[in-house]
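What follows is a short report on a single structure.
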Amino acid sequence: MRKVIVTKVTRADLTVVDQLAELGVATVHEAIGRAGYLGPGLRPIQDGMRIGGTAVTAVCWPGDNLMIHAAVEQCQAGDLLVVTTTSPSTDGMFGELLATSLAARGVRGLVTTAGVRDVAELRAMGFGVWSAAVSAQGTVKETAGAVNVPVSVGGQIIRPGDAILADDDGVVCVPRADVGQALAASRARLAKEEKSRKALADGQLGLDLYGLRDKLAALGVSYVEEERDE
Amino acid sequence: MRKVIVTKVTRADLTVVDQLAELGVATVHEAIGRAGYLGPGLRPIQDGMRIGGTAVTAVCWPGDNLMIHAAVEQCQAGDLLVVTTTSPSTDGMFGELLATSLAARGVRGLVTTAGVRDVAELRAMGFGVWSAAVSAQGTVKETAGAVNVPVSVGGQIIRPGDAILADDDGVVCVPRADVGQALAASRARLAKEEKSRKALADGQLGLDLYGLRDKLAALGVSYVEEERDE
Amino acid sequence: MRKVIVTKVTRADLTVVDQLAELGVATVHEAIGRAGYLGPGLRPIQDGMRIGGTAVTAVCWPGDNLMIHAAVEQCQAGDLLVVTTTSPSTDGMFGELLATSLAARGVRGLVTTAGVRDVAELRAMGFGVWSAAVSAQGTVKETAGAVNVPVSVGGQIIRPGDAILADDDGVVCVPRADVGQALAASRARLAKEEKSRKALADGQLGLDLYGLRDKLAALGVSYVEEERDE
Amino acid sequence: MRKVIVTKVTRADLTVVDQLAELGVATVHEAIGRAGYLGPGLRPIQDGMRIGGTAVTAVCWPGDNLMIHAAVEQCQAGDLLVVTTTSPSTDGMFGELLATSLAARGVRGLVTTAGVRDVAELRAMGFGVWSAAVSAQGTVKETAGAVNVPVSVGGQIIRPGDAILADDDGVVCVPRADVGQALAASRARLAKEEKSRKALADGQLGLDLYGLRDKLAALGVSYVEEERDE
Amino acid sequence: MRKVIVTKVTRADLTVVDQLAELGVATVHEAIGRAGYLGPGLRPIQDGMRIGGTAVTAVCWPGDNLMIHAAVEQCQAGDLLVVTTTSPSTDGMFGELLATSLAARGVRGLVTTAGVRDVAELRAMGFGVWSAAVSAQGTVKETAGAVNVPVSVGGQIIRPGDAILADDDGVVCVPRADVGQALAASRARLAKEEKSRKALADGQLGLDLYGLRDKLAALGVSYVEEERDE
Amino acid sequence: MRKVIVTKVTRADLTVVDQLAELGVATVHEAIGRAGYLGPGLRPIQDGMRIGGTAVTAVCWPGDNLMIHAAVEQCQAGDLLVVTTTSPSTDGMFGELLATSLAARGVRGLVTTAGVRDVAELRAMGFGVWSAAVSAQGTVKETAGAVNVPVSVGGQIIRPGDAILADDDGVVCVPRADVGQALAASRARLAKEEKSRKALADGQLGLDLYGLRDKLAALGVSYVEEERDE
């Protein structure tokens, strides 16, 4: 791992990121080609929050949050901090004090593959967190890492400045250069879904709405009456 | 896997299922001989809901929700959809649109060994979901599966038409033919528990109430004073 | 495993335990040298509760809650029951009836490496539970275990009479003899944190507050401008 | 759970089962429609063994192997014992003594969702075992279960008398009534694979052999030259 | 965690430990009352090794093996090093160089809840290792821990000087003071097992040998003929 | 996910990769700054193999190996195929036929975050495989993915053409541009280790060899005699 703090990050257009965030993680993920989802391992510590921001990344040693402190300085209003560790860790590397510091800079939230603590206080502050664990286990500040290098979470690659969107369904990353296109595609998808929602609420079937009856037949699926014994 | 959609399902008596549901998962599970519990891996996405229904089952390929669409058509009012995959999957195979479609048919909820998404919307709709994961990851509609065949969840076998009960403790399956007996046994258990509750609240000990002192002695358990060093 | 029920337990001073509990799990864990945390595997079944008590311990056979009944009798007001199993188990060994019995004796809550059930009822009662699983799966009362012997949870050793503190961040154990010292250290830490909080809220950086800039340099971390391609 | 020992089991034709076993788990699983595989959680404790037999099933309480002893009596030459527990357990419910007893009856091996012990001795005996865990943890004989009822392993349903095949790839179940058909289909598949193997060894591509180029195009997959930066 | 290196350890009698080790982990575990097993999570990196020794313990920070180096100096011939971390870690904290150093002191092997690397070299050296993971991930030497304090592995408490036995079934700990008694009990058990083995090999059933038929009846287990449909 | 097959890949110098491979995964990982290790989740299906090659990458849909077929055509002698899925999957996406095809092209082995089957045949062929699972579960060929795009495995980013090294300790990735430097650093490390090995074999302590005594003191670690009771 290179021991660097990258100080200049070209960020995704925050106005677009904010509009994307409103549309929700699942919608955007679908609209960009079922891409960028960071996986079911990252869960919100709070219910009902939907936010977005531009990624500042930090790579920490397990059991060590030194590089989070270094990352704070690189954050600006509209950012969302993304923290990973060089090997799997559940430690509570982040809590109320760091959230206070980030909030003072206008940072919108935290996404981490490790753990967080002070969750009651974080909820009370309204500081959004998506993490792999909740843990009171404290950390040290002894080992180097990196800030604002590409990181990998849940099989996805996140580059500093990319758009990060998070809600109750988890977290999605949209590459910086793609946010405009993603917004257009997401809106188109929403419009289409709105139509589908009405049709389905009226009792129309997805089988018909999406033309799936022929596909079932082509795949050799047959309709049979109930069977006596299976 | 046979590629079939079974169209005729003999369902458990819904009136009885509804009465069973009110009694709660733990009570019914105990009353039927500590049977039918689908395991701690299925968790509700909402708090405080207690529902029951008759099982319609769907077996899907991982990453593919084609057969859920086929299953919707086989559902009727009072049903509860049970979805499994042919190999472990956490993908978000089910969301708000499918819930809208099921709700339009009077379906009570979803139980799935895979993932769901749009959880904020599902909670707002009041559509009950018990799943193994929450994931925004989308799916395709390309591969065949089955509807209304027996499935296996958490080591239990569920047959179409069986009663499915779900609350904050998880999900239990009661075989179609056994719901009447299960209701009687559950009510008997509740009456007995009510008595125990009062006794215990009054300070009586389970050791005495259940006659466990002799058992402890027979098992060779001895009472000793505190030990200096262990 | 020795089959014993230890009847005399020297408990931590409850007045001190109560004061410790208010300070929160993360604070106390840090203050006593980042020690005693029972790990991220124990999660509360409720939100927003913060309690403390003195440990009564029970070791059960998997699928068997006999020794919990034996443990109830050893509990007194101010205790917190800690239950482990001799091999990993998720079964619902504890529910509303046992909670009623414990509440009648003034016990404050339950910590268990296994599962609990009746979680809706437990929440309604306000009986605090931290467990590794929620499961409706019932248990038998057939096999011997032990009460008030040292147990191990999450890599930590808990002795009967130790202080157990629990909140949304999980559970921490403070050895009986150390509670006074822990209280002093925790208060000192809180005072220090209060200062840090203000500084950070005012925009001061942890890098400066904790003097980390020199450490980064000493570790060979360098600041670089954004890179074209990584 | 019903507390029964079913004494009469109609078994799959052992001559056919033996021929199926030679063809290997993966081949048979594919030939019967990618069905019956008991999942990656069951691993052999030995390398290079390939066996088959007819299922005798046992359902045990966790931490309790009473019903394995009851099952032994129901076993006959050519059988393969399948053991599950009513809730997840890793305990070493089976070891050298039980293997000695089964071997004396001509039983071919063990498949279990729990743990085994004495693995050095079992390997030395040549008694084949596929299990979810290796554990020295001992069990008691106190709680009822069932023998020769349908069980569920890895999402598959196994009925007494079904064919069980096991090798280094894991375990597959073929329903009793289907073994003849499965043998024919598996042999056809092997013949086809033999042809493919030769073609592929000669350098032909699967893309051509299986006609996948058109499918890639239809799915919108495009060929591009290397990209400067991704 | 106290930052101490305890230099004086009273060890179990090595002559007895050596005799215990020959009897095997499962036998000793059973003989001492089904106690002391460190769980299925610790697996040998080699096949067919059976060793024993006296415990020297080390507690490390995750991602940091400083305290292993401190522990080496505390080791003497006949010891077996037991390493844990203050929070879950899979890192390769131990490899060929440390094994060389330990082997030079007559240490018999390593047991660790974390990871090891250089497994090919360790196997070639014949240095026995039981670990929770194999990982090449390297560690630093920056954070304090402890040597020769009681540790907890797999729910068991290990004190410095206790006997540690390990083979293909895993690892068991016998408290220092109990090794003599454990040896006698284990030999008695072996003698009894030898008898059982012969009886079972001759076709006698465990049901009769252990008198389980009455128990089955008392538990309400009934024998029934095969059922048409389940 | 972009649906592309990138046809032109600039590969690391194979002569250097071959020399790197001989040095072993742990050594190279350390030498390049404790970087690039793909984690303990990828395990070899065989013992004692040590190989290296240049990465061709494939991203598949879960339960679908279409893109592996597309990737084969992009492989050349000296390559090592790296396969991931868009969501977690254990399916047996790769077996003997695909290995035959790859071997015919001079490909050295497979690394996959999913499962493989035909492991007995793969071992017999000597075709090296590192995977997260062994599973007989078959897959379809219905859904698009990508070939030769950057992928993420175990928190590391792998770009087509990077060097992949694998042995009993797992898998490490060295960026294409860094292989020369990595070789020099690894050789320097080996030379240093050789010296350390001799010193340690002669009984010198790591505490002295690496100068750790002062560090322990600075960290506040104290030496104490044995304690009566802990």
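Going in written order, the chains are labelled A, B, C, D, E and F, and every chain counts its residues from 1.
The working rule: contacts are C-beta pairs under 8 Å (C-beta built on N, C-alpha and C of every residue); 3 or more make two chains touch, one makes a residue touch a chain.
Keep in mind that what you see is a predicted model, and the values were worked out from it rather than measured.
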Give the fewest steps needed to get from chain B to chain F, where each step moves from one chain to a chain it touches.
1
Chains touching chain A and chain E alike, please list them.
C, F
Decide which interface, A-F or A-B, involves more C-beta pairs in contact, and give its chain pair.
A-B
Taking each chain's mean CA coordinate, chain B and chain C are separated, in whole Å, by 30
From the mean C-alpha coordinate of chain C to that of chain D, what's the distance rounded to whole Å?
41
Name the residues of chain B that each touch 2 or more other chains.
3, 34, 37, 39, 86-88, 90, 135, 137, 142-143, 150
Give the pairs of chains that touch; include all such pairs.
A-B, A-C, A-E, A-F, B-C, B-D, B-F, C-D, C-E, D-E, D-F, E-F
Sort out for me which residues of chain B touch chain F in the complex.
61-64, 86-91, 135, 137, 140, 142-143, 228-229
Which residues of chain B touch chain A in the complex?
3-10, 66, 69-70, 72-73, 90, 92, 95-98, 100-101, 103-105, 115, 117-120, 133-138, 141-146, 148-150, 159-160
List of chain E residues in touch with chain D within their complex
24-26, 29-30, 34, 37, 39-40, 43, 47-48, 50, 167-170, 172, 193, 196-197, 200-203, 205-207, 210, 212, 215-216, 219-227, 230
Residue set of chain B touching chain D in the complex reads 1-3, 33-35, 37, 39, 84, 86-88, 113, 150-153, 155-157
